[in-house]
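Presented sequentially are two complexes of chain A, the first with chain B as partner and the second with chain C.
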Partner chain A sequence: MKTNASIWVLLLVAYGAIPLTLGSNHYVMSLLVAALVIGGIALAWALLGNLGGMVSFGHSAFFGVGAYVSALLTLKAGTPIVIAMLLGGVGALLASLVMLPVLRLRGPYFALAILAYAHIFKIIATEWTAVTGGSAGLSSIPRFPTAFGFDFSGKVGSYLIILSVVLIFALCYRLIRASDYGIALRAMHDSEDATRVIGVNSVLLKALMLFVSAFMTGVIGAFNAHYINFLEPDYAFNGLWVTLPIVAAIFGGYRTILGPLIGAVTVYLIDQLVFKSLIPYGHQLILGALLVAMILFSPSGLVPLLRASVRRNHAAG
Partner chain B sequence: MLRVEELSVCFGGLTAVNKVSLSVGTDEVVGLVGPNGAGKTTLFNAVSGLARPSSGRIIFDSVDVLRAPLHRRAKMGIGRTFQIPQPLHELTVRENLLVAQRFGAGQVDQQKIDEILEFTNLAPKGDREAAKELALTELKALEVAKALATNPKLLMLDEVLAGLETSGKRRFMAMLKELHQKFAVGILIIEHDIETISNLCQRVVVLNFGKLIADGAPDQVFRDPEVIKSYTGADHAGSR
Partner chain C sequence: MLELILQALFSGVLQGGSYALIALGLALVFGTMKVINLAHGELVLLAAYIAYTVESSLGVNPVFAIPLALLIVCAAAVLVYFLVDLIRQDRELNSLLLTYGIAIILTNAIQLIWSADIRSTGSAWFQEPVVIGPLYSMRSELVFFVVSLALMTGLWWWLSRSWYGRAVRAVSSQRDAAKLMGVNPRKTELVSFIVASILASFAGVALFSYGVIQPSYGHVLTVKAFIITVLAGMGSIPGVLVGALLLGVTEALTVTLASSALQELAGMCLFLLVLFVMPNGLFGAAGRRG
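For the complex of A and B:
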């Protein structure tokens, strides 16, 4: 009951109050869009970690592939943006197929292997000049169209799109987690052998989570491409597209569904609005310090911390 | 139903299972005994798919399963328990069985789950308790219950009685006696206690240093001088 109520409030604020009050402030809206992009990746990353038990440093590859696929489809084949974005997700999913062999690796080996794979895609985007435009990049990527009499190419429109995408992904995450597959994946966490001998195909389930996570990240990369209208390999495959989400997810609580989103918005906004004005260069250092503090103080992250304090207040009052 | 032929499993230079051949029929309860380190658990691991044999064959229901992945073998009807219980920690007892049933047997049947919970004396724990909060007897019961939920044709029990105190052991024993009939499973059970084996099994197989040294009716096998020597020669006669 209480959770439902707070989610409705959150939705009302996100869809109503924010666009109405801050909609004309382009700077804040662009920060929010960027925060939700990070949050979306963080959510997809946390899904893989939480359900699949995998720590990925390679999500920038999915982000970049999604961005390039969608940009190229709209630029060269005239594909409608919505379909191109979904195909961007599919492209990222296909990119994750080549990572399947590393699923059998564990711990740091998996993390390193997936990092290496991520780099391969950046090289392809740089070297395959005929298609990708090489390091010069792609420009004039189509913007979001006008629909239902509303111009989605503006800041508010883009904000509503990414907000909806991210919330739909959160819902999917929730459904997967509650499904039989989700329960089996949860079981696999600390007793993989025990789960396998009762008939669970652990490699398949992990692969499915990798696909879902890659697809989501690809769609978000595609969104970002149409939002900023420009792509180059160094930007699209930048390691920040995975490190920032990791910080956000861990800060917010990667075991929860909303944690990564709330973590992303909090971390990104604080960084940009507060720290950046205090220390123009090297402000990310404070983020690092903040993360360390969070890990020491509340290892499971911000959202579980908030929940616990709400419960405590409830009990006290 | 299960036929193991000339099976060997090596760990580096150590041959933990050495050219072992044995069989278990659908309506049999077979004991597997031998000193610690004889290779009993490794044999279970090879049959269930956790250990990779270096040579030999494993035939289950007339199918060669040597190359079949673990989960496929479970779905075919090979069930097992672990010597050190391995519950699905984060889940409730019922969820443990649900996962086993959904993935091992293919379909969920709450009534069957209730029946298994009842049979293994876990019914009171079913919905409330997370598996990690159970006591040892319950953990051992959960091992059996999980395996049963996959609807096995063969059930391999690895020292399910070890470490239980007397009353728990007695209850468990009563359960084991019924298991074979009630769930129509063939059973291969690892157990050190000679009396228990004689009580439960029509046949017993003895391993020593990875080799099969006897296979026959318990009263004969336990009179075999070589078997007696393997039992008393090692340091653990009558112990775990």
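For the complex of A and C:
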């Protein structure tokens, strides 16, 4: 009951209070939109890590592919933005198909293969000039349209879109986790061999989680393309699109659903407001240090830690 | 055309020497600790930048940077080892994230110290051309190819003849059995880290003396080293050499026949091809498949 109530309050704040009070402040709204973009990728990344048991260093590939597919569809084929964004997710899903042979390998191979793989798309986007515009990039990518008498291309509109997308993804994550697949995946986490013995196709399940995660990341990438209206390979496939979400997910706790989102908002805001003013170039150094510190001292993240301390307080009171 | 291809093969083989040193370090540490050090390429790059500093501030040949590079890179690697050793739960997954974090720290520290500019050697002695029949190379390429062959021979001798080398192999193949035989696995892991960083130091100085370096290159090196170990199949030293030469030649041929921008793409295609066709690598033992 109590968690339900706090979620409703959070929703009310996110949809009501924030746009009404901060809506006119463009700087704050753009920070929030960027934090939610990072949060969305962090959520997709954590889904793959938590349910699929796979660490990915290549989600920037899915982000960039989603962005390019959606941007090109709207620019060259005139596809409506909503459909183009979904197809951007599908594009990212198709890009993840190449990773399938790696899923059969044990150990750290997936993490490393996808790290290597992320480079490919940046090279393709740079070299395939006829379609992608090469390193000059794509400009004047269509903005979000006006619908129901509300202009979604502005900061508040974009904020509402990305907030809804991320919340829908969080809901999907929850449904997957509660489904039969989720139970099988959790069993797989304990012992993959035992799970296979009782007839669960573990490679198929892992592949499905990879598809879901890639699709989500692609849609977020597509949103970002229409939000900033400009794309170039160095930006779309930048390593930051995976570094920040990883730090965020680990910081918040990647085994929870809300952890990556809370982590993303916290880490991104601190990074932009504090770290960046300390070290303008190379503030990622602090992000790296944060990641190292979290892995060493609190690998399950802050959300479970806070929850545990709340429970302890309850017990004491 | 034939001459061009021969030249590409030759350059690729020479480049493969340094690649092999980097990949061997990665494979050694993976063998003993079952940990992939994602900061390995950054350690190599650190050595390269030390060579740059020594050359530009003292005005001497980058070779003289090797002792200093050995000292600093080994110290950094020992630090990485102790951090990895601190991980208590789920080491396989958490060590990847930890070394990824260290790689980010190193890349950005290198960028802060040496700036993001591209650097290359100014040593005239190293850049002088050496012509063997129809084939051309820089003196530095040839020198460091010989150095890497010597180091690999040394490594082979060390692994097969010396006590610690045998201990490294023992811990790699059967950790518990090695423990029963009186091998201290943690000490052995540390030794493998140090040997890996010695190889990395030489490779870093080599890379600087015949190529260009920039802060983001460390990441590329880690990826290349990993591709080579997959080509080789984990745990095979001759395999690593063949894999490194194969990658070097593939890259050189791509640059000659297509474009230098596609160099990394070619390595990646080679990698995916091997994964599809021979998931255990060219020389690896069976058992990587889940």
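In this section, the second predicted complex is superposed on the first by the 293 of 317 C-alpha atoms of A that agree within 3 Å, B and C clash if a C-alpha of one lies under 4 Å from a C-alpha of the other, contacts with A are read in each partner's own complex, and residues count from 1 in each chain.
Here, a residue touches a chain if its C-beta (ideal position, glycine included) is under 8 Å from a C-beta of that chain, and two chains touch if they have at least 3 such contacts.
Fair warning: this is a prediction, and the values are worked out from it, not measured in the lab.
Asker: Taking the superposition on A as described, I'd like to know which of chain B and chain C A:Ala194 touches: first, second, both or neither.
Answerer: It touches chain B, and chain C stays clear.
Asker: Which partner chains sit in contact with A:Glu127 here, chain B, chain C, both or neither? Use first/second/both/neither.
Answerer: The second partner, chain C, only.
Asker: Can A:Val292 be said to touch chain B (first), chain C (second), both, or neither?
Answerer: The answer is second: A:Val292 touches chain C but not chain B.
Asker: Does the superposition put A:Val98 against chain B (first), chain C (second), both, or neither?
Answerer: Second partner only.
Asker: Which partner does A:Val55 contact after superposing on A: first (chain B), second (chain C), both, neither?
Answerer: Only chain C; A:Val55 stays clear of chain B.
Asker: Looking at A:Leu112 after the superposition, I want to know if it touches chain B, chain C, both of them or none. Which is it: first, second, both, neither?
Answerer: Touch partner of A:Leu112: chain C, not chain B.
Asker: Who touches more of chain A, chain B or chain C?
Answerer: More residues of chain A are touched by C.
Asker: Does the superposition put A:Ala77 against chain B (first), chain C (second), both, or neither?
Answerer: In the superposed model, A:Ala77 contacts neither chain B nor chain C.
Asker: Can you list the chain A residues touching chain C in their complex?
Answerer: Spelled out, the residues of chain A in touch with chain C are 49, 53, 55, 57, 98, 101-102, 104-109, 111-113, 115-117, 119-120, 123-124, 126-127, 192, 203, 239, 243, 246-247, 250, 279, 281-285, 287-292, 295-296, 299.
Asker: If you look only at chain A, which of its residues touch chain B in the complex?
Answerer: My answer: residues 180, 183-184, 186-187, 189-191, 193-202.
Asker: Which residues of chain C touch chain A once you look at their complex with the stated criterion?
Answerer: Residues of chain C touching chain A: 34, 36, 38, 83, 86-87, 89-90, 92-94, 96-98, 100-105, 107-109, 111-112, 116, 219-220, 222-223, 226-227, 230, 259, 261-262, 264-265, 268, 271-272, 275-276, 279, 288-290.
Asker: Going by the contact rule at the top, pick out the chain B residues touching chain A in the complex.
Answerer: Against chain A, chain B makes touches at 48-50, 69-71, 74-75, 79-80, 82, 86-91, 95-96, 98-100, 102-105, 146-147, 149-150.
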